[in-house]
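To keep things simple, chains are lettered A, B, C, D, E and F as they appear, and every chain counts its residues starting from 1.
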Amino acid sequence: MGYRLAAFGEFLLRLHSNGHQRFGQTDGYTAYYAGAEANVCVLLARLGMQVDYISRVPDNDLAAAGLQQLRGHGVGTAHVALGGQKLGLYFSEPGNQLRPIRVIYDRNGSAYAELEPGMLNWNSIFQEHQCFHWSGVAAALSASSAAVCAEAIQTARDKGLLISSDFNYRATLWQYGKKPAEVMPPLLYHSDVAVADLDAVEIYYGITTDASLPLEERFRQTFTTLQRHMPRLKTLAMSFRKTQGAAPVYSGALAHEGGFYFHDGFPVPMVTDAIGTGDAFTAGMLYGLTNGHAPQDIINFATACGLLKQSIPGDWAILSLKDIELLLKQGISGRIAR
Amino acid sequence: MGYRLAAFGEFLLRLHSNGHQRFGQTDGYTAYYAGAEANVCVLLARLGMQVDYISRVPDNDLAAAGLQQLRGHGVGTAHVALGGQKLGLYFSEPGNQLRPIRVIYDRNGSAYAELEPGMLNWNSIFQEHQCFHWSGVAAALSASSAAVCAEAIQTARDKGLLISSDFNYRATLWQYGKKPAEVMPPLLYHSDVAVADLDAVEIYYGITTDASLPLEERFRQTFTTLQRHMPRLKTLAMSFRKTQGAAPVYSGALAHEGGFYFHDGFPVPMVTDAIGTGDAFTAGMLYGLTNGHAPQDIINFATACGLLKQSIPGDWAILSLKDIELLLKQGISGRIAR
Amino acid sequence: MGYRLAAFGEFLLRLHSNGHQRFGQTDGYTAYYAGAEANVCVLLARLGMQVDYISRVPDNDLAAAGLQQLRGHGVGTAHVALGGQKLGLYFSEPGNQLRPIRVIYDRNGSAYAELEPGMLNWNSIFQEHQCFHWSGVAAALSASSAAVCAEAIQTARDKGLLISSDFNYRATLWQYGKKPAEVMPPLLYHSDVAVADLDAVEIYYGITTDASLPLEERFRQTFTTLQRHMPRLKTLAMSFRKTQGAAPVYSGALAHEGGFYFHDGFPVPMVTDAIGTGDAFTAGMLYGLTNGHAPQDIINFATACGLLKQSIPGDWAILSLKDIELLLKQGISGRIAR
Amino acid sequence: MGYRLAAFGEFLLRLHSNGHQRFGQTDGYTAYYAGAEANVCVLLARLGMQVDYISRVPDNDLAAAGLQQLRGHGVGTAHVALGGQKLGLYFSEPGNQLRPIRVIYDRNGSAYAELEPGMLNWNSIFQEHQCFHWSGVAAALSASSAAVCAEAIQTARDKGLLISSDFNYRATLWQYGKKPAEVMPPLLYHSDVAVADLDAVEIYYGITTDASLPLEERFRQTFTTLQRHMPRLKTLAMSFRKTQGAAPVYSGALAHEGGFYFHDGFPVPMVTDAIGTGDAFTAGMLYGLTNGHAPQDIINFATACGLLKQSIPGDWAILSLKDIELLLKQGISGRIAR
Amino acid sequence: MGYRLAAFGEFLLRLHSNGHQRFGQTDGYTAYYAGAEANVCVLLARLGMQVDYISRVPDNDLAAAGLQQLRGHGVGTAHVALGGQKLGLYFSEPGNQLRPIRVIYDRNGSAYAELEPGMLNWNSIFQEHQCFHWSGVAAALSASSAAVCAEAIQTARDKGLLISSDFNYRATLWQYGKKPAEVMPPLLYHSDVAVADLDAVEIYYGITTDASLPLEERFRQTFTTLQRHMPRLKTLAMSFRKTQGAAPVYSGALAHEGGFYFHDGFPVPMVTDAIGTGDAFTAGMLYGLTNGHAPQDIINFATACGLLKQSIPGDWAILSLKDIELLLKQGISGRIAR
Amino acid sequence: MGYRLAAFGEFLLRLHSNGHQRFGQTDGYTAYYAGAEANVCVLLARLGMQVDYISRVPDNDLAAAGLQQLRGHGVGTAHVALGGQKLGLYFSEPGNQLRPIRVIYDRNGSAYAELEPGMLNWNSIFQEHQCFHWSGVAAALSASSAAVCAEAIQTARDKGLLISSDFNYRATLWQYGKKPAEVMPPLLYHSDVAVADLDAVEIYYGITTDASLPLEERFRQTFTTLQRHMPRLKTLAMSFRKTQGAAPVYSGALAHEGGFYFHDGFPVPMVTDAIGTGDAFTAGMLYGLTNGHAPQDIINFATACGLLKQSIPGDWAILSLKDIELLLKQGISGRIAR
């Protein structure tokens, strides 16, 4: 019987401008449910892992419709607390290769942001889980919800769960008066597994690497330095988007139990929806890790998940094991799968 | 040269579930901009009146897209203050004759709700206006924005503007710790013109009438009693939706300078979007009033505006003078206007 | 082997505002192809009759796409001349029971309007036909196209075809300097069969009836008077939309070889698209007539066609014989046809 | 702790023509998942009952997407067998008050129709259930799937489950060479609870009542006669659609433990989607019954469920307890639920 | 007067998931009609050739809507037999450059698959035709429909028609118990003209070429070897999709009366819909061949058709001669054709 | 206080086929308002410049809806004359990298084309403006509207306005019997600033350059030669689309007060809508020029505007200053702007 994972963070409704329309011309929004940790849960559940999502949402039909979708994908929602008044939202407008996707957050005062220590009984939540996952945005919204992250991490540590942390830095959040560099290091301290990018490592810890070095080397140095601040860290994964020549390349790196493993990358000639790429990469890595795959297979699988997410509208990687294995076997091709 | 009117209230983005879909099944939302006072402005501007909308919205593209639409209809937006973080929102799902439209508000912490006295310079805003319009929802969101309503009304009174107030009671707002019956009477005190419904009159003033009486009589009694609390009140308008037999009937009543005037009502066999009906009625009444029409013409025109709004998607009465005159001349008919 | 019918008139692209949106708020238009005589052809072809449509359209993809649809429904398009620069257009915005559908024409200078006598070789066109159909709008656009109508009618008369004329008066056309009362009577003179309404009869001939009489009686009087101006007229059909009580009623009348026949009418609680109703009625009448049905069956069938059209978006009555027979057998019911 | 119900039948993908378009003009289809018994499950699960759906679907993404939606609404899908090649389908085109919805079935050779006795282990399926529900369409597709119905019913009887049967006759199914009157009576024999309509009672048992009697009396007589063929029958529910005057009326009747209970009916001025009405009625009745409500409350609740379904697109009654209670309290009103 | 061509195969309704949505998230499907041979017919008819499509479809509105579209494009449908119960279907989800289009077939038991020898009277069908076209999928569905292919081919041979065969191998069809290598060679034996790809040649005949050779050389060897099995074969065409560097390249090869001709290929930076590419290539080749073009022009034209199809949604190459000539003249450019 | 600009030309409604559909398969059209000079106005107004649009449109709702949108973006419409019968139209079908966008014009007889000298009072229009902008299409529709261009230019010259002219040659217009080479040079004579492309320069003046030279050199030579025909010309801008390798490159050139300035170009891997690119480039150039930016900054800014337009659906560059500055700072990247 496999691992059971619990993930904690804010649940969001994303309102994405229709077609290719900008905010200044749109007639409406497509609704997707989202949230970094929910995104991870959805892909893991679709791949067959037992996962429970933990959050707090208002007791209204907007939130209920989202939980309904999570359950559809197989994510457990029994521990999502109901309360507060507002579901976290974000608006997005489509970009294309010429212009970036733009995001407007509307998350202040959400049911999640108003979480306070004691509201969630972590001891009773963590009963069947072997793994706990959270990310930096879970601590970026309010001091009180960051404190709930601390509760969760401490309980997970006490109960011996594997702790997986995604650095996940968002510059436009973090408006509650504390700096990420104050809040994040103590929370990340207990991590066994982490996903990060070079920017977040610098913001949270002030760790930098020489930008003229190859990414592989910068990854190696970063991992070595990070271990000083994260004493239990055994696994670190990172994905990269390199713009070289005509099409960008999406690649991945893994440090795992002493070794370093790299995926050379896939070309990315077209992106349908870039949001959620990192979460799909994280889910792929956790899937490989908890299923005991070889490290090179883990990073290959994770990179494939991150790539394929970019072909799918919405924040969730609506993928099956077969889709990922097909990519790993055939690479990118224009074939029709009849 | 005609009247110039200023109106004050919260500007909203409405997200209305696509097609006939309920929240629990929708794939997205059509975007309409809204707000009771903005709705009044749009119809008045379309009818050719000079109107300025006064509000506070965040400096982001969601708000800018809405102001852009207001300007398109001819509403002045030069006095809309930029600031705060959040645009007021509401979500709606379509009803039909069997099931009501449902609304979920997300307005806490909006740029408008966080308005504080002194932020808007009413003396400089009211320079060319002869009329000021506001409604009960403008005072329903926060103590501080209710205080700004008081500022606006006092300045309008001092400058001799005609004050038009729509009672506009929404039970699910008013969560800031004060009761409508405390807040509204002092604000309504200075009104020259008012639009109300029987429920709001009871909530704000405790005034009731015998429900077995005809609506016309209840309207007469209500006006007489209200005048005791609103010493300057010379004009009161009210619209009614009566469900009698197969199709509902939409009718209107006007008390004006001592006389009572009634429109018998239009049948309403079908409603495309009921939201904004009252605001269209109010705009129609203000149009007739400020153009010096005869009282019976005023209530006929206002009732026609309220009826026609129900045929139009969104909160705004996208109407021309010709549309309204055609209805008043031909009544409801299945004709094609070729 | 059945009748073969030729019909002549302007082919149009209709651009109908999406959803329930008015011109002042729409984001786009649904494309339907149209034209009174094309509409008649489509239903007749769907019912199995051999029909050829005669018109003139520009040699571009907009017109080609419409001819393609006509052929799909079984209408012959071999005699549609290519030439000119512009396809006739009209824009429409949806109405509902509260507000009428509105139409904006853009037909000036169309390939059809620029038709001139001699351009179409009617002798070679009419080779296998037993019936010719046209309507008043075919003569309403330009003096030269009205002259082409005269050519067609004269050739049809010379060749012994049954001539069917729909009065079809549109007030906002007729801008080329002649009055309908000058142009239409000589064209209608040769008609064997006609469809009319009371307004058009008045405009074209100045014939009126006492509006306080029952519609049946007004129809009888109209037919009798009309016969004086149309000496060959043996068949006259008329449809009525009466608004009595909650829902309108749609009914029909037929004068045929000395007798008068009436359909009492169907209630019309809802209309999806009223445009094309009269053309479907006309097609239904011609179908019954050319198939030798009993007069009461003819008017029943025609009325059923006119009613059912109102349930179908676009100008064409996308109906099968089975649909019409089902209505005639079951009436209007909420049943599901599984 | 409440009842746990199992329901068995064919799972379907419905492809419903977009907008108001007929098959002959549509550009595509909206996808809804369906199946009489699945429909019942969805509403019961939304109302909080524990329900498991039992069926057989192919192991492909079309079926998986449907099961995903079932799980979202809270329906257990652990006992849905995977196998076969084809998911049952049906196509529909929208009707309106003038023209009926039309359905084209494509169910032959589906994974369900190819079910054979022994494929499902009913002993292991029925472990925690107190109630089994099925309907006539479950036996209408193939002899072998009708035999699986018999297996299920016998096992349910042996294990002491309450057996609920919906007569649910569809004339265009039943093409496998047996008559409903041969197949259905032995299957219905064990029913404790049934939903029927007068037509199905006649088809299955040859039982008729005098059509000139009031529906209430016909219901009473039908129940009394049916009990002779269904010895365990204690509860019978029936819904009626009466077209009287302008708008139809939807009403219900219940026979329960010796008494007869009626709901006078709701007017139905507009229908968004009539399909699934009967299943929502059945679910409402089962909800009241298994929660021990008073008989009059049961039939009121069931009738309200059937009515409200007609306001919702798709086959599923996307309703909450609150929606139903609001209707029972306020009736049909044009109010906005803000 | 040109060639008249008859083509035989299964007519299909394709249901293609809306927007970019995967099966697991779609809200509906766009409807396209399809079928390899129908696709060929549509482009040939659009280019002005006389073509008749021969198939068998059920007598329902789904099939009728498709035939209507064929007729619109100019394809003769008089020889499409009505009968059976089911129209062949396939579902597809959009791919993009990162993930393949996926197809789910639902064709078992279709009206076409249930065709049996004797049902179609090939002698009376082939009266005015000079050419017969079919493809491998026409024989892939059932033994009986493969036997009907044999009937058609034999009759065509007897009557001296040019026989055009597309190898068109689909691995997931061929489930009726026979191998393609048993069925196809006798059917292909009579071909004068063929389109193939290297995979199908291997599956049907076991013919392979050294994969390290250039495609041009592999094509030459394949043709030479194939001629041993297909003694009448004078013309063979093949298209290639090579993924080299950033964008794939689409190219073509032709063996014709002793010579070999190649088109170097077009870059394919973006694909709107890849399905139907091969059929457009085939149609382009047949157009050039039957119009007596020079061999190099034939392969250029065919390759241009195959390329342009990829820019068009749906299975049909909605192209005009002018579109193809413009590409051959200008190549791929970002110009606007004003 | 900044420059105030007036621009004159035809206002158009563009009807753009939905999705990726060609004319021969589309179900409808998305509505965008357009017109070369209106496009320039919209971007300038969005960037904060005071701009007035001058044109003539019919007094109907189609035109009103467009003016409404112009006002929304901040463009003054007070000088748009109402009259005539027809709004200029154009239809377009989407292209992609494989196939060009196609345009069908329907502009004959439009309110603009029927403008005659004397209809617009240029003396009263030009009261607060420092700059006048027009383009070649404004003179391409009719002799009389070209004469109005001459009036406008002469008045602008008399009043000392800076005159900006876009050569803007459209081959399929110019059907009123005069050649561009007769009409355009006298109109262009007074230009202070111009935008051109090499083709238009050849058509209007017969000026050619050696196509084998680098574009930069051809630009330099063209400017030098043009100055002989345009004695006041101090500023000339030109944009280029070079197809080199996989993706095209979009670049720009500026001659200004004796110097030549070039932007090397942006890669254009994908285009959402190419129409309006040149107008956005022109607006960007005029913005830089009238704000006194350095020449290199002007051409960089203009090129960025032209590039970004290609990412936006419709004819208008829905851009903010921030969007353009972000591109100039970061270049094209796949980043998400959170």
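As a convention for this text, contacts are C-beta pairs under 8 Å (C-beta built on N, C-alpha and C of every residue); 3 or more make two chains touch, one makes a residue touch a chain.
Model, not experiment: these values are computed from the prediction.
Contact with both subunit C and subunit D is made by B, E. The most distant chain from subunit B is E, comparing centres defined as mean Cα coordinates. Seen from the C-alpha centroid of subunit D, the farthest chain centroid is that of F.
Although subunit E and subunit F carry the same sequence, what matters here is overlap: shared residue numbers make up under half of all numbers found at their interface. Between subunit D and subunit E the centroid-to-centroid distance comes to 44 Å (mean Cα coordinates, whole Å).
Mean C-alpha position of subunit B lies 62 Å from that of subunit E. The set of subunit F residues touching two or more other chains comprises 22, 24-25, 27, 61, 68, 102, 246-247, 268-270. Here the chains touching each other pair up as A-B, A-D, A-E, A-F, B-C, B-D, B-F, C-D, C-E, C-F, D-E, E-F. By the touch criterion stated above, subunit C contacts subunit F in their complex at residues 15, 18, 22-31, 60-62, 64-65, 68, 85-87, 89, 91, 93, 102, 104, 106, 108-109. By the touch rule above, subunit C contacts subunit E in their complex via residues 61, 68-69, 71-74, 320.
Across the complex, subunit E is touched by residues 245-247, 266-270, 272-273, 307-308, 310-314, 316, 318, 323, 326-327, 332-338 of subunit A. Contact residues on subunit F toward subunit E in their complex (touch as defined above): 19-22, 24-25, 95-103, 105, 170-172, 241, 243, 246-248, 268-271, 274-275.
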